[in-house]
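Each of the next two complexes has subunit A plus one other chain: subunit B in the first, subunit C in the second.
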Partner chain A sequence: MLRERPAAAAARAAAATVSGLAVGISEVWRRYGPVTAVAGVSLDVAAGEFVSLLGPSGSGKTTLLMMLAGFEQPQSGRLTVGERDITRVAPNKRNVAMVFQRYALFPHMTVAENIAFPLRMRRIGRAEREARIRRALDMVKLEAQAGRKPAELSGGQQQRVALARAIVFEPPVILMDEPLGALDKKLRQHMQIELKQLQRRLGATVIYVTHDQEEALTMSDRVAVLNHGKLVQLGPPRALYDQPADAFVADFIGEMNLLPGTVRAMTGELCTLAVDGGTAVGMAASNSDGQLASGKPARVAVRPEHVELVAASGAAQDGLPGQLAEIVFNGATTAMLVELAGGTMLRADISTRSSLAGLHPGSPVVASWAAGAALVFPGAA
Partner chain B sequence: MSVTTVTDLPAGPAVPAAAPALRGRLSLPLSLLLVAPLVLLLAWAFFLPIGRLLLTSVTEPTLTLTNYRRLITQPLYAEVILRTVWISFACTAAALLLGYPVAALMARPGRVVPKIAAVCVMVPLWTSVLVRSYAWIILLDRKGVINTLLVQSGVIAKPLTMLYTDGAVLMAMTHVLLPFMILPIYSSLRSLPVDLPRAAANLGAGRVRVFFAVTLPLSLPGVFAGCLLVFVMALGFYVTPALLGGPQTLMIATLIGQQATELLDWPFAGAISCVLLVLSLGMVITFKRLLRLDRVVAHD
Partner chain C sequence: MTDGATGARASGGEWLFHAICVLVLLFLMVPTLLIVPMSFSATAYLTFPPAGFSFEWYHTFLTDPEWIDATLFSLRVAALTTLASTVVGTMGALALVRGRLPGRQTIEALLLAPLIVPPIIVAIGVYLQFAPLGLTGTLPGFVLIHTALAVPYVVLVVSAALQRLPPSLEMAGLNLGGSRLACFRRITLPLIAPSILAGAVFAFLASFDETVVSFFISGVEHKTVTRKLFEDIEFNLSPVIAAASTVFVVSTILMMWLADASKKAATQ
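After this line comes the complex of A and B, so read on.
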C-alpha cells in the first residue's frame, strides 16, 4: 500500500482545527494480584500522531488505555499529556476523550443530548453549544438522527454518535478501545477510512486499541505491539511487517511461515539451517546477538509471498523438498500449501497470473527463497 | 483543501433490543396450559373469597351502599384512610432516602463491602415480621432498652412515650419494608454498564454530576419499582401497626381486622377492603401511566 506521508502531513497541517498534544507513557506498571497486566511499558506518542496498540487478548491494551483515561491507577510509572503530568489527575480533569468499545452512549438522552454532554460539563453557552453540535453531527452525517435515542440507531450510527461526542469538545487526545469491534467487516473497513480522515482533519493525537492487525496496519502512523503486558515492538506498519523484532511479532503481523530447525552455519549475518530434511537460509534477526551458533535450535520466518516453488526434478536442489498438499484460490494470489518432508506445513502465495501450470495436489516440489527475504530467530518454538 | 465530510453510509436497520429468550417461542395453547394451575389456584383461593367479601359489602343486609356511606360520613374512617396514606407515603420516602445509599453500596465493584451490605439487607428479610416488630417493642417500651438507658444515664427524668405513636409505626414499617426498596434499586444499579458513568466522567463530569446526570436517571426504574412496592405494601400493612400502633394510630389493615374478627361486621370490612384495593390499584396504574418507565429508559 502506498503512503504519501509528507503530503498527508501537509494536508493535516492545513486542515487541522485542533492541535493534538504529545502523550508520554513511561515505565508504567499495573498488576492485578498475580497477573501483570502492564509490565513497564514506555511509549512516546507525538502530537497529532495515530498510534495503535496491537496485541492478542489479555495483552494489557485496555488496561493501558484505562490508565490514560484515569479509570485505573498505575502502580508505578508516569503518564503525561503535553507538558502535564496526569498520573494522579481525576478522569474528568484530563481532557482526554475516550471512545468505548460498546460506545457507552447515554440511553436516556437523544443523540443531540449525548453530544451536548461534554459541552454542558464545560459550561459552554447555548449558542456556541448548538453550533458545535451541528458541526459534529454534520461531520459524522447524522443530522437527521439528532432527535433519536441511541436504541433507535444502527450499530454503525451509534458508533458515529460516540465519535461525535468524543470530538465535539475538541480534545487534544482521543483514546479508542476497539471502537469498530462490534461492526461487521464491510462497515468496519468503511469506518476505518472515515476515522482516519477525521483524525487528520482534527489534528488530534489518537491512541487506538485493536487486536486486528490489519486494522492497525492500515490506520496507524506507528503500531505498538504488546504481548503479556510488555511492549515488544514499536514502529511504522511497514517496519513491523518487514523487520519484526521477534518471532511473536513475525507471527502476529501478517501471514508468516515459522519453521523450526537447527543452525548449520553462520556466515556473517547469513544463517543456514537444517529444516525438515532440507536446507533453509535467512538473515539473523537484529537482536539475536550471538545466540545463533551451529547446532542451536532456531526458527526461520518467511512470508508466503517470498516463497518460490519449483517442481522437483530428481537432481539435488537447494531448498526444502515437499509435496503440494492443497491449492487455495484467493483471487489475485493463489495459496499453495506444501507439506515438507518432516510434516511441517509451508504456505507459498503465488500470483494467480503466473500460477504454476502442471502442479497439482500430490506433486513433489521444492520450496526456496532469497536469503534476504527470511529472518532467523534463535530458540525453539 | 476543502473540508471533506464523512461519506454516506448504507443506513442499516436499527438494532432491535434482544428479546427475552423464550418470548414468542411457546405456542399459545401450551402457554395457557402452563399458566392454568396458577390461574385456577388464584381464582379459587384469592379472587373468589375477595370477590365474595367485596360483594357482601354491597349486598348485606340488603342491596345497599350504607357500608360505604358510613365510611364517608364518619370522620374516624376518613381519618384512618388519610393516616394510612400519609404513613405509607412517609415510609416510602424514608425507605428511599435510607435505601438508595445502601443499594449503591451493594452495587459497588469490589468484593468485601458489597457482600457485607448484601448480608445486612438480606438477613432481616429472612426474619419474621413479627419478630422484628417485637424487637421494636423491646426497644421503644416505657421500660424498654432506650428508656432504661436514657433514664439511668440521667439524660431524662421520666421515660418517654415512644411506643404506640405514629413515629414508632413509621420507623418500624420503614425498617421492615426497607429491603423491598433496596433490592429493586440494587438490581437496576447492577445492570447499569460501568462504561456509562465512566464515559460521563471522561467527558468532564465530576462525581456529583455523574450521579445526577447518568446514574440516578438510569436507576429510576428500580427507584419507581421500589417506591411502588413499598407504598402498596405499606398501605395494607397489618402486623407492625397492630403491634406498635395504639388506638390513635389505627391503619386500614388493622381496621379491617378489627371489623372482621372482633366486631364480625364482614360487610363493613368488605367495604374498607374495597377502598384499600382501589387505593393500591390506583397507585399502580397512576405510576405506570405517569412514568411510562419502559420509554424513559432502554438499556441494551
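After this line comes the complex of A and C, so read on.
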C-alpha cells in the first residue's frame, strides 16, 4: 500500500473501497436423486482473494456457486461469509453479489435504473444513490450509456452494466457465473484484464466459475479444479500447471501429452517406464504413494514445450523414435505432431524462430525430455 | 423462360391460396356482418334483406329500461369478473410456472377444465349448487361462476408470458437484495403486464358473452344481456336484437384492438 503509484492510489481513493470478506465452504454435499452434484467440498477463500472454480460441465462448480448465492441448498455442510453462517439465509439477505452468465439485466429499465435497483432495495437515499451510480458507471466506463435500455447495448457493454450493478452496493463477495462466456475471444481477453483490475481496486472477494482453463489461469489467485463433484486440486495457477495432482488435472490444465505405459523401475522419485516405442522417464507424482511399482500400469505426462525433437541419425539415440506427422504453425510456437512407433501421437511445441530446419512431414525423429520435466501418474487411462 | 413459367405457377398457387383464405374468412364473418344492415331496418321485425333505414332500434336499445338494466348488469358482472379472474389467474400462472407444486399437472388440468366441459353441464351443476344457497340471480353468484369460467384464459395467456421470461431475472432481483414481493412488483409484473392485460380482455369477453350458464341462473330482477337477447329472440324477434348485437360486436373489436395495441407498445 505504501509503494502504490500516485495514479493507482488516486483511483483507489475515488473508487468505493470495499473490503472483501473470507468465504468458507466446509464439507458441502448435494445429491439430485442418484446424481451427486457436490461431494463433500471444503474450500476456504481468503478476504480479497480471486478464486476460480474450474471444471468440465457437470463437475459441480455451478451448483456450488448457486449454493453460495442461496438458489440451491446444500444437504449437509456449512457456508460462511466472514463470521456469518449463511447456509440457511435467504438469497436476498446474503449481501453477496452475483454476475449471471447472460447478465440478467432488467430489460424494461435503463442502465442507470438497473444499477439503482440494489440501492433502492437497500433504501439508500436519492443523493447517495445518484453519486454511487455515477461512480459505478465511471468504473465500467459507461457514463454515456446511462439512459439506454439493455437491448440497445453491445454484449460487452451489457456485461459491464451487469458488473456495475453487482459492485454498486459494495458487496464483500462477488460471485461470477461464466460472465465472459458470451463474448468473442478478443473482447473476452480484454475483459479478463479489466475484471481483474477492478477486483484489485475494490478489494472484494471474487469466486469465479468457468470451464475455460486459460481464463482461470489468467485471472485467479488460486484455482479450484472440480471433477464429478469433488475438489481435485486447489492452488495457484502456476502450481496447477507445474504440479498437477492427478492425470485429470494434468490433462485439463493446458496442453499435455499423456503416454500410457508400464513401470520398469523406480529409483527414488525417478520412474522409468516402458511406453510405445521405447523407454520414458519422469518423476513420480507427489500423491502416488507407492502405487508405482515395477510392472504396474502408469501414465507419463509431459508438456509439449518440454519435448525435444531431433532428426533420427541412424545411430543409437536416447528417446522415443517416431515419424513427424504434422507441422502446425501457431504464431510464436510451432506444434510438431509425432507419431510414435506404435501409433501414439506426441506433441512437441518448438519456438517458431528455432523451428527445426529440414524437418517435414514424414521425417524420422527422436523425441525426448528431461526427467524432471515429466510426471508419472499411477493407473491406466 | 423457365423463370417466367415457375413465376407464373407460383403466383397462380398464391392466387388460389388467397382466394381460399378470403372464402374461409367470409364463411366465418358473414353471419355476424349480416346483423349490421338488419339493425338499421325500418320494419318492426327482423327481415333480410332489411327494408328501409332507421336508427329506431338503436334508440330503443339505448332507452328501454329493460335493455339498459340488462346491459348494465352484464357490464358490472364482467367488470368484477375481470378483476377477480385477472388476480386469481395471474397468481395461478405464477404458481404453476415458477412454483414447485406437487401434482402440478393435475392442478393445471383442473384449472383448464371449464374450457373443455360442455357449458350446459357446467350450467346444470352450477344451478343445482346455487339455488339452495340463494346465489341464483345475484351479482355475487354471477361473478363467482364467471370468474371460474374466465380464469383459464388468464392462466393460459399469463403462463405463456412467464415461460418466455428467463428465471434469472427474478434470481438477479433477489440476489440484489429485493424481497420476493419487490421482485414481483418491479421486475416480473412490468414485464408480463401486456399479457395480463390481454388476459383481462379475454376474461371480460368470456363473462360478457357467456350465455348458457347465465340463461340458467338469471333471475327476474337480475338478468344478463345475453339472457335478455335470448328472451327477445324467443318472444319478439325485433331488430333491437340486431342493434344490440352490432353495439357489442363493435365494442369487442375495439377492445381487442386496444389490447393488441398496448401489447405492441410494450414490446417496442
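Please note the rule applied: the second predicted complex is superposed on the first by the 365 of 381 C-alpha atoms of A that agree within 3 Å, B and C clash if a C-alpha of one lies under 4 Å from a C-alpha of the other, contacts with A are read in each partner's own complex, and residues count from 1 in each chain.
Methods note: contacts are C-beta pairs under 8 Å (C-beta built on N, C-alpha and C of every residue); 3 or more make two chains touch, one makes a residue touch a chain.
Just so we're clear, the structure is a prediction, and the values are computed from it rather than from any experiment.
S.K.: For the three-chain model obtained by superposing on subunit A, do subunit B and subunit C clash or fit?
M.R.: Verdict on subunit A: clash between subunit B and subunit C.
S.K.: In the overlaid three-chain picture, which partner chain does A:Pro91 touch, first (subunit B) or second (subunit C), both, or neither?
M.R.: A:Pro91 sits against subunit B and subunit C alike.
S.K.: With both structures fitted on chain A, tell me whether subunit B or subunit C touches more of subunit A's residues.
M.R.: The partner with more contacted residues on subunit A is B.
S.K.: Return first, second, both or neither, reflecting whether A:Pro364 touches subunit B, subunit C, both chains, or no partner chain.
M.R.: Neither subunit B nor subunit C is touched by A:Pro364.
S.K.: With the two structures laid over each other on chain A, which partner does A:Arg102 touch: subunit B (first), subunit C (second), both, or neither?
M.R.: Both partners, subunit B and subunit C.
S.K.: Would you sort A:Phe169 into first (subunit B), second (subunit C), both or neither based on which partner it touches?
M.R.: Touch status of A:Phe169: both partners.
S.K.: In the overlaid three-chain picture, which partner chain does A:Pro236 touch, first (subunit B) or second (subunit C), both, or neither?
M.R.: Neither subunit B nor subunit C is touched by A:Pro236.
S.K.: Looking at the overlay, does A:Gly156 come into contact with subunit B only (first), subunit C only (second), both, or neither?
M.R.: first
S.K.: Answer with first, second, both or neither: which of subunit B and subunit C does A:Gly342 touch in the superposed model?
M.R.: neither
S.K.: Could you list which residues of subunit A make contact with subunit B in one structure and with subunit C in the other?
M.R.: 69-71, 90-92, 94-98, 100, 102, 104-108, 117-118, 121-122, 165, 169
S.K.: Mind listing the subunit C positions that touch subunit A in their complex?
M.R.: Within the complex, subunit C touches subunit A at residues 166, 168-169, 171-180, 182, 186-187, 190-191.
S.K.: Mind pulling up the subunit A residues that touch subunit C in the complex?
M.R.: Checking each residue of subunit A against subunit C gives 69-71, 90-92, 94-98, 100-102, 104-108, 117-118, 121-122, 165-166, 169.
S.K.: Mind pulling up the subunit B residues that touch subunit A in the complex?
M.R.: 1, 3-9, 11-15, 17, 193, 195-196, 198-206, 209-210, 213-214, 217-218, 296-300
S.K.: Okay, in this complex, where on subunit A does subunit B touch?
M.R.: Checking each residue of subunit A against subunit B gives 11, 14-15, 69-71, 90-92, 94-98, 100, 102, 104-108, 117-118, 121-122, 138-141, 149, 151-158, 160, 165, 169, 187, 190, 194, 197-198, 201.
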